[in-house]
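Below you'll find a set of structures to go through.
Both of the next two complexes hold chain A, though its partner changes from chain B to chain C.
Up next is the complex of A and B:
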């Protein structure tokens, strides 16, 4: 089962949550504007299924930020999150903001990845760390707002080199990256 | 971790050197040119052993003797083997096996077992006996039209396609060994006698239909019933199957055990198996397997085969997450909608003027966005389609597979963002992906737009093409008309594909007014009328030159899941009768089949194939008159304009 990437984005952008959320095929694109911060998020919700792994660079290339999501009830998903972090460190743009997100925090009883462990890993790798629940909406806005705050001011953002994603002055691109579990 | 992850994308890159992809893109864009067809799309491919010709007194000499028919059938099978080039091993040995099979069928030749596969054939028989699926509830007793059953394996085929289902186990067992004789060219002891049917150990014998996919090294890849691991218990069948199929090429295409028909198909290192006791003819099951292969290719390209070929022990299931659901949905769809047999686009009836306006917008959106194809679909029905210059028309099978893929993912329908996904159209280019922008017009409607591009970077262009189209449709007042379009109500035959669009009947009727033009009630006399007032219950028409087909909405007899499955099986039988003649040189022009439940009639002319399901009391003269009236009705230009896509939209 996925770690909840689509659920997080849907909660954030549309305020919805589905107990049965279909696994993402390919990728999905969503946007949300935060006028008070003068930010427009352009979010790629990528597929966690292994066969789409090779598509990922297309989405994180040139992104201003990436969110790597794991499921706090699944140690395996945490392992995969770490491998995504390594990949993004190697291949992503050097200034990319990375957030490590432990999702499904509402399932405290089934927790398999401790806060301490994840926090230590995040600190070591210079990642922003937060636990969220797409289901209860806990910390979801905080996650995205924190990223918005961390983004460089619009003037300072160079236009991305390739023509794929067009950003206007007041926009920031954010690539939603993931780690999927089982 | 990264090192041990074989990625389809990279496999595909190898396989499609020379594609126009930038090196940055892991999923290479498809060369925007079609590959030569990887599997034949001709409709008269029949199993080698299936030579039965249920009597068709209009075309078939009444007393044609078994041996002669078999010889013709085998000639056909040989031609097919060569055309498909499937036979493994040397041509000579394949030909030898066929000769032996011929001899065995003939019953008069020497029964020489090929030295190497006698054992495996026994194993197959045993495994098949244990696999015998539960008998389907007795089906309609078909009486053919009076010609005596021939005592040949071909007849077993014919008898099952339309024959009495009251056959005893002994009789069934007899048939099973007849078919085994086809495989080993020798003994035909009635040793299997169908006894396995009752005490089959496998858990899924309770299912009337089963599909599975294995790799050549015996690794389970997909199972329709249960999970793939339930296939592990089938190792006996698997190894026997593999050795027989490898030794004999495509000479073994199907085997019958009891009431169960088992059809095999090979694609490189992938083995496809269908088992059914629902009475579909072998041609229909084979077409279903071909489409399942196509569905697999749509999701993973032939890169999957290359991965297995390079590393046969690699467990490819990690690359196939979620694919099983798509394959199962396809299997469910095919059980209730016979249109897959016809390899034809299914246009949704739309008033001609509306269709023209929508098509024009779609063409412009395709042009602006640099897409290679644009489609406006309602479930598996086409509202409009368009393609870039120089692109060949889309193959109807590709369209069906794409539609099934889109319909399987409810995130598309419920608008969880703008969807962009790699898809491979097997007839267009089986080795590479196109990139699909998928957008439902609104969540409640089954109507969706697909724009296909050769470039993985095309998302934003496709997105603005879609935005332009929606805007223009609104400006021109087309949007409400588009939103009112609904696909015909689909009845899932096996309860598999849940339909979340249940609406109150009245609303349904309103929304489906555009479909009325196809319903039997609204046809002119003598065709039309309420149920009971006309002998015609259901019909399908295939417009040959257009590669399009329309079907009437099912009458109330066929609206239940069982009814839908029954109707689909009627059409499958008719199709098989029309397209699998004993002698390909003399294709059947007319097929007729009557029993206590229905009279089935089909005809094939240059421009049109017509399929009719009629009241069982219908006599031949009446059926002939109905047939002629249907042909005339659908030859009318005004009617055709509303129910078909113009040749320009479909193929120019």
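Up next is the complex of A and C:
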């Protein structure tokens, strides 16, 4: 299993969890609207395998937020998460909100990355830090809601009327991407 | 008339949801296979492929009969030649060595996620077979190793080749080492990125309105094309359609990936022009490709509907894009692989040279395999044809499903575009329609699942 990026997004957007989720090659795209916070998430779920690293910029370019997910039972995945953080610091937009997320918190018994270590790293780098479990849904909503709250408030611009299925570039839309680590 | 989607099992065992109209399209394409099979008969008897390249190309473009794919693919791709250049036991040695592959963990993880809806590929047996091939390949070609996307390619090969693991191994080797653009699976997927940028230039030339639209909504074609160039359409389209693409790909090479990409884009051009959001466009186009059952229309458009596509043009773009990709990677501080590394290693793994001895393999040996045909594919095809045989004549071919060769350039594409609205109008609201915000867009449906529904653009 990977770090559970796709599972995390699916849990949040659809409230579902699959043990055997098809793995991501390109990227998946999902949206979710939070009317009470006036935010629409457009979520790009990118591939975690290292080789796909070089394809990532087209997905995080212009993103308002990034979630970097690692698996709390895998020190390797934490190392890779850090390399993503460095890349996003270098290449992402300067105001990008970054959330470092330790997933699979339900596997406490197999924990290999301590809360203290992750917390310290997050503090040093100005990241928002949380631990989640896509499997039990623990903290999943909190993760996204916290990001929504941190996003800069949009100017109140009414949506132009649109026909059919065409989705407008809404002023309230916030790009938010999921980057990876695995 | 309300059309109800039904779940059927396709030729390769994938459960697919189809509307009655889509089922008719599938059957109509099966009828084409049936008709074209006759042309192959003399060559089956002679146990060799046509000498004439143009004859062979014509026959392959119309589709290789499913029961002959093992034979034809192994011949046209060069896989048999590769196999013959190694010791008889080479594959078994690689399987053994593969047990300690550095990619073992990656492979194990991905085989759990490869076509989870396919009964055999998701079973312990199927996963074990898939792992063996991928692990063996990762040590055979240790410069490339294992790249996600190989899992779905080999998965599809296994079900198409009657689970012949060794055949899948050599086919993958022929593809990665001799057929595809060098470096497609390299450390930074440089080759794949070059191909996708070249495609972008071809779109600018062939579909300028669409190209301008993509630019306007900040849609990068790589968002779709990563699956096409790395996965060779293995997760992008219904398996029966992908097989038709592979028939031509193994014989004609990577130009086919471009042709099919341009055909898909052309068929859905008008629909895409109406979508104003990059993410939505990506998901809708993926779903549209995932329901491309009119394989005759797709291939007809690819071969007749997009005009000439000289290899020299592609190569010119490749040269230019290779420099761009190198600069891009350097700019991001990513170490590019050396020129030698970008070209995938074709050689045997270190230490294996000793074991490699020319294998004398007569044609009769693998023909025996072809003629045995005790395989599931043949059985299933037979069953399907028997069951439906009465219907074939009665079913009017859906618009655009005529013989691709007969279609004038451009005709096939417009026919498909017209035909497309039909199922969707009658269908239960597709998921994306349910909410204007598109919140219900199928999550990564294309990433390893072969689900079907109505036209996602409507």
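The rule is short, and it goes like this: the second predicted complex is superposed on the first by the 155 of 182 C-alpha atoms of A that agree within 3 Å, B and C clash if a C-alpha of one lies under 4 Å from a C-alpha of the other, contacts with A are read in each partner's own complex, and residues count from 1 in each chain.
Everything below uses one rule, namely that a residue touches a chain if its C-beta (ideal position, glycine included) is under 8 Å from a C-beta of that chain, and two chains touch if they have at least 3 such contacts.
Predicted model, so just to flag it, every value in this text is computed and none were measured.
Following the overlay on chain A, a clash is recorded for the pair chain B and chain C. Contacts of A:115 after superposition on the shared chain: neither chain B nor chain C is touched.
Once the two complexes are overlaid on the shared chain, A:83 sits against chain B while remaining clear of chain C.
By the document's definition of touching, of the two partners only chain C reaches A:91; chain B does not. Once the two complexes are laid over each other on the shared chain, residue contacts for A:58 go to chain B and to chain C alike. Residue contacts after overlaying the shared chain place A:33 against chain C, while chain B stays out of touching range. Touch criterion met: A:49 reaches chain B and chain C at once. More chain A residues lie in contact with C than with the other chain of the pair chain B and chain C.
Touch criterion not met for A:123: it reaches neither chain B nor chain C. Only one of the stretches 8-16, 62-70 or 134-142 in chain B has C-alpha atoms clashing with chain C after the fit on chain A, and that stretch is 8-16.
On chain A, the surface patch touched by chain B in one complex and by chain C in the other comprises residues 6, 9-10, 13, 21-30, 45, 49, 51-55, 57-58, 87, 162, 164-166. Those residues of chain A that touch chain B in the complex are listed here as 6, 9-10, 13, 21-30, 43, 45, 49-58, 61, 79-80, 83, 86-87, 162-166.
Here chain B touches chain A in the complex through residues 1-2, 5, 7-10, 24-27, 299-300, 318-322, 409-411, 416-422, 435-436, 456-457, 459-460, 463, going by the rule given at the top. Those residues of chain C that touch chain A in the shared complex are 106, 109-110, 112-116, 122, 147-149, 151-152, 185, 187-190, 193, 218, 220, 222-224, 226-227, 230-231, 235, 274-277, 279-280, 282-283, 329, 332-334, 432-433, 436-439, 441, 443-444, 446-449, 457-458. Taken in their complex, chain A has these residues touching chain C: 1-2, 6, 9-10, 13-14, 18, 20-33, 40, 42, 44-45, 47, 49, 51-55, 57-59, 62, 87, 90-91, 162, 164-169.
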